[in-house]
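Given below, in the form of C-alpha cells, are the structures.
Presented sequentially are two complexes of subunit A, the first with subunit B as partner and the second with subunit C.
Moving on, here comes the complex of A and B:
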C-alpha cells in the first residue's frame, strides 16, 4: 500500500525520506517474521477456539478446548513432568556452567581444548547425541551399566525405567546445553576488573570469599539472563524427548510440548493442541515476568 | 507402514532425492510454462508425490518416463515429498493452499483421516465401471485398508506383513530345530526361552515397546492369531478385552517378566541392530527389515498357531483438481499399479507384490531368487485376512493399547487389568458421537 504512487504530498515526502529506505532494507526480514511468525501465532490463537482436525472444515467451540484442558489428566501429568524437569534442570545447568566457566577462566595448559570440548555438544545435532545416549544408557548393552557393574552396582533401566527416564533426560540435556551457558559466563568473567580481585586478595580475602563478594555480583546479569533463557528452553523441551523416549516409557517423559505434538499430529486435534500452546505461552510469559522482576532488583550495575 | 531405514543408504538417498527434485523442477518448469494456455495443446499435466528414495525412486522415474513417452496427452511429474512420514501434513498444507498434487502417497493408517477432506476422490464408481482394473486382484488386506465406511479412497501402493525372522546360527548353537508352520505359541515361547543366555546378553525375541503403533500392531497380529478381535464388527465397542486378548497379552507379559526372554526396546531404535549383531534369536517383522541384516544368516517362517498376520498397506490417493485432471490421474494410476509395472517396481526394490496376479508375471521367479526370504512373505499375504479398523479414532485407540501392552511387559500391570482399562478408554472414546 505504501508503495503505490499517490499524488499525496505527504506520501511523496515519505517516499523521498530515509524512512522508506529503512523500511525497504528491513522488508525481507519483516516479511519473513510476518509470514512465519505473526501469521501462525494469530492463526493458532484462532484455532484454539475451534474444533479443527486439520482436514475437514473447522467449527467454533468457544472456550471448550481450554475447559477440556482443565479436566485432562494426561495434560496435568505432562505439566507435572515439565515442572519437575525445569526445577531440576535450570539450577543444575546454570550452577554447573558457572563452576565450569570459573575453572576454565585461567591460564591453563590446553585451555582452548577444554573450552572446545565443553562447547562441542552445543553444535552437535540433537539427533546424533540422542542416539549416542540411547546406546550409552541401554540397559543390556550400554557402556554406563557396564561401568556400574564393575563397581558392583546392579544394572539400571535408565530410559526404559519409568522412574528414571526423566532424570536421564535431565542429565542428557545438561550435557548438551552446558556449553552455551559456559560461553556466556566466560564472557561475563572477562568483564570482572582484575584490579578488584587483586585488591580483595591484598585485603586478605581467600579464593572463595573473593569469588563470592567480588566475582559473583559481576555475574548477576549473566545469571539472570541464563535462568530466564534456560527456564524458557526447559518449559519447551521437545527434541530430546522426540529422538529418545518419545514420551515413554508409560508416558513418564511426556512433557507439555510433546503432548501438544501428539494431540496435533497423532490424534489430529488441532484446536486442542493450539489451546495447549497458548496455555504454555501464557505460563512462560508469567514465569519470565516474575523472574525478571525478582532477579532484576538484585542486579549490580556498574554504570 | 514401511519404516525407512536411515543409515548407509542415507547419503545415496539424499543424492537421489536431489536428482528427483531437480529433475522434477526442470520438467514441471517447462510443463507449467505451457499449461496456462490450455487451448493450445491438449496436454493434461498431473503431479504425483511419493516418498521413494534410492532404487525405488529410480524405478518410479523409469516408469513415469516410459508413460510420458507413450502418452503425449497426459504428462506426469513425479516429485519426492521429503519423507512419507510427513506426507499427510504436506498434503493437508497443499490442500489448504489450494494447489494439492493430483496423486499422493499416504500411509494406510491415515485413510480415515484424509477421507474427511472433500478433495479426496472416492473411487468406487470408477472401479465399478472399469472391468480391466480388477479391484479383487489386490490382496484382501489391501482392499480393507483402502476402504472407509464402504468408500474406496485410494489404490494400494505398497504392502507388507509380519512373519518370524530367525537367526539360524543361534538356533543351531542352542540345539533347536528351526521354526515350522506347525509351531504353537507355546513352542515359540519355549524356543525363545532356550535362546536366552543372560551371560552372553542374548535374547530369544526382540519386541518394540515404545507404546507406538509399532508396539500395537505386533500384538494385534497375536490377538488375531488367538482368534481375538480389536473392535466389535460395528466398530462401536472394544473387543480386545476378551479371553483371547487376555491370553495373547499374558503370553507376551510372561515372556517378558517371567522368562526374561524378550529384549524390550522401550525406545524402539535398537532392535534391528541388536538382531544383526547376533544377540536376538527371533524377530517378528516384515520384508522391509531384511536388508538391515547383512550379518545374519536368517530364515523366515509364518506366525505360530493359526498363521494370522497383520498387514500395513499404503495407498495412492487421488485429489480433485477438476474433472480433466482426475480422469488423467485415474488413467495413469491404473497403468502405474497394473501387474506389469508393479512387477518392474518390485524387482527393483524388493517390495511385495500388491497384486495377486503378479505371481504369473514372467519376472516373478527372478524376483523371488533376487530377494531371499521374500517368497514366504508373498505366501504370507494370504494370512493377512483382517484389517485394523479404518476409523478416525483408531490412532487414539492405538495409544490406549500401546500403554496397556507396555505396562504388562514392564510388569506394572497384569493383562486383564491393563486391557480392561484400555477398553474403558476405548468405549468412552467411541461413545462420542460424530467424527
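Moving on, here comes the complex of A and C:
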C-alpha cells in the first residue's frame, strides 16, 4: 500500500504482503495434510515395491508384489466379488432412488412420515446396520425366514449360504444408502420447472416416455454424480462385510478392501497390501474417468 | 449445468413440487400403494431390533419369532451397558467427533480464506496438490498413516483417532467455494479501516458463513461418529474404543445373545437418531449441499 522507496522496501513489501499472511493461514492445514495425506500416498507407493512386515526394516523387492497379485487366486476372487457387488448395487440403488424420489416429491398425506422412513437409515451406522441384518437374516430365528415360511418357502441360509451372502450384502447396503441417493434426487428435482414435472404426470399413454424425454435430462447430472459416487463407495466396501460375514462363508464375500485389511493387519504383508491399495486406486480412477467421459458426453448432448 | 449437488445452502428445500393428483374415482392417491410397503420395509429392521431388545433371551431364540413380547425387559439395556464400557464408548466417540469438528472448522477456515482471498507464493500449486489427495481412497494411505501414528506414540488412544483427521481437504474446498461467493467489498472496507486479516476472517467472513460452517460441522460429526475402519486398526483396548468399534467388540462377546446385542445396538444409535430427528432439515440440507455421506 505504501509507495516508500526505502532500501528495505522489497523486504518489507514481501513481509507485509499476502505471501506471509497466506502461508501463515494455510500452514497448519497444509502441514496436517502433508503429514497424513501426501506423505502416506508417496510412502504407500514406495512400500508396494518392498517386503514390509510393518515391524522390521523393509527391503526392496521390485515389482514382485504386483507380479504375485497377478497369480493370486484369492485376490482374483476378491476382485470378482467386488465387481459383482458393484454391478448389482449401483444400478439398483440409483434407479430405485430415482423412483422413490419421484414418488416422494409431491404433496401427499403422510409424505413427511414416508420421507422420514426413507432417510432414517442414512444416520444408522454401518456397524449397527450389519448387526441388525445379521439378526433379520438369521437362518434359524430370523424374521425374514419367518415371513418366507408364511409364504410356504423353506428357510434360507442367507448370509451363511455362499450362494446368497453377497446378494444379502447388496440388499443390506441398499437399505443403508437409499435415503442418501433420494436426498440428492429430491434436491435435483427442485431444479426442474413445475410445468415440466406436471406434464410428465399427465395420465394416459406415453407417461414413461414423457418422463424420459422431459424430466430425465434434468436429472442426468445428479444421476452421473450418484453413479460415480456409489461406484467409488461400492469398490471400497468393507464395514458391512467385517461385521456380518468376515469375508465368508467359504470366502464368498471377500471383497478387495477386506482382503487388503487381512493382508495388512492380520498377516502383516504391508508391501503386498500397499500393492493391492494402488491397484484399487488405479481401478477407481479408470472407472471414474470412463463414467465421467461417457456420462458427461450424454449430459452435454442432451441439454 | 453446474454440479447437481451445489444447490444454494440458503435456499430451503421443500420437496413438494407436485400437488396430490389422483385418478377419478380413487379415494386416495395410488402412490400410497407404493410408499406404504416401502416405508414398512425401511422401518422394519429398526422396529424389529427395538422389539428384540426388549424380549427375554428365551423369547428372542424362538421360531416362529415372538412378534409382540408379553412383557418388556428394559433391564436388557442395563445388562448391555454394564457388560462392556459403553460409557467410555460414548465419551470416546464424542471426543473424537467434537475434536475433529473443531479442528476442521478452524484449520479449514484459515486455509480456505488464504486460498480464496490471498495471492501467496505457490498457492495455486499447493491447492491443486490438495485436490489430488481428494481422489485417493483411504485404503492407499491407511498403512503409512498407521506407521506414522505409531511413531507419534498415539496407537490405541483417542488422540490417534483425532490427529490424522483434524483437517480434511474436503472442508477446505467446501469453505473456499463459499468464501469466493461472498462480496469482497465488505472486507476491503474493513481493510482500509486497518483491520487485520485475522480480524476480517473472524469478524466478517465467518459470521456470514454460518450455513456452510454448520454443513461442514454436521458432515464431519456424522463421519467421525460412524467411522469404523480407522478405529478398528489402531484401537485394541475397549476403554479407548469409540462407539462403532465398541459395538463391534460387543457383538464379538455376545454372539448368540440377540436380545442383549439388539439392546446395545439400539442404545448406540439413539444419540445420532435423536439429533437427526431434532435437526432433520439441517441434516438433509447438508447432505444435499455437499453430496457426502460418511
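Assorted remarks:
Note that the second predicted complex is superposed on the first by the 268 of 303 C-alpha atoms of A that agree within 3 Å, B and C clash if a C-alpha of one lies under 4 Å from a C-alpha of the other, contacts with A are read in each partner's own complex, and residues count from 1 in each chain.
Simple rule for what comes next: a residue touches a chain if its C-beta (ideal position, glycine included) is under 8 Å from a C-beta of that chain, and two chains touch if they have at least 3 such contacts.
As the structure is a computational prediction, the values presented were derived from the model and not from experiment.
Taken together in the superposed arrangement on subunit A, subunit B and subunit C clash. Contact with neither subunit B nor subunit C is seen for A:65 once the two complexes are overlaid on the shared chain.
Of the two partner chains placed around the shared chain by superposition, subunit B and subunit C are both touched by A:54.
Contacts of A:254 after superposition: neither subunit B nor subunit C is touched. Using the contact criterion defined above for the overlaid structures, shared-chain residue A:32 touches subunit C, although it does not reach subunit B. Of the two partner chains placed by the overlay, only subunit B lies in contact with A:268; subunit C stays clear of it.
Legend: residue contacts after superposition of the two complexes on their common chain; A:239 is shown touching subunit C, with no touch to subunit B. Of the two partners subunit B and subunit C, more residues of subunit A are touched by C.
By the touch criterion defined above, A:135 lies against subunit B and subunit C together after alignment on the C-alpha atoms of chain A.
In the overlay built on chain A, none of the stretches 78-86, 96-104 or 132-140 of subunit C clash with subunit B except 78-86. When both complexes are aligned on chain A by C-alpha atoms, subunit A residues 54, 131, 135, 138, 140-141, 265 touch subunit B in the first and subunit C in the second.
Across the complex, subunit C meets subunit A through its residues 1-5, 7, 11, 13-21, 23, 28-29, 31-32, 34-35, 38-46, 48-49, 52, 60-65, 107-108, 110-111, 113-115, 118-121, 123, 126, 129-130, 133, 135-148, 163-167, 169, 172, 197, 201, 222, 225-226, 228-229, 232-233, 243-245, 247-248, 251, 258, 261-262, 265, 268-269, 272-273, 275-276, 280, 283-284, 287-288, 291, 293-294.
Residues of subunit B touching subunit A in their complex: 89, 92, 113-114, 116-118, 201, 209-212, 263-264, 266-270, 274, 279, 392, 395-396, 399, 403, 406-407, 410, 412, 435. Put simply, subunit A touches subunit B in their complex at residues 53-56, 131, 134-135, 138, 140-141, 159-160, 162, 244-246, 248-251, 262, 265-268. On the subunit A side of its complex with subunit C, the touching residues are 18-23, 25-26, 28-30, 32-33, 35-41, 43-44, 47, 54, 100, 103-111, 113-129, 131-133, 135-136, 138, 140-143, 145-146, 149, 175, 177-180, 183-184, 186-192, 194, 197-198, 201, 203, 221-222, 224-225, 229, 232, 236, 238-239, 242-243, 257, 260-261, 264-265, 270, 273-274, 276-278, 280-281, 284-285, 299, 303.
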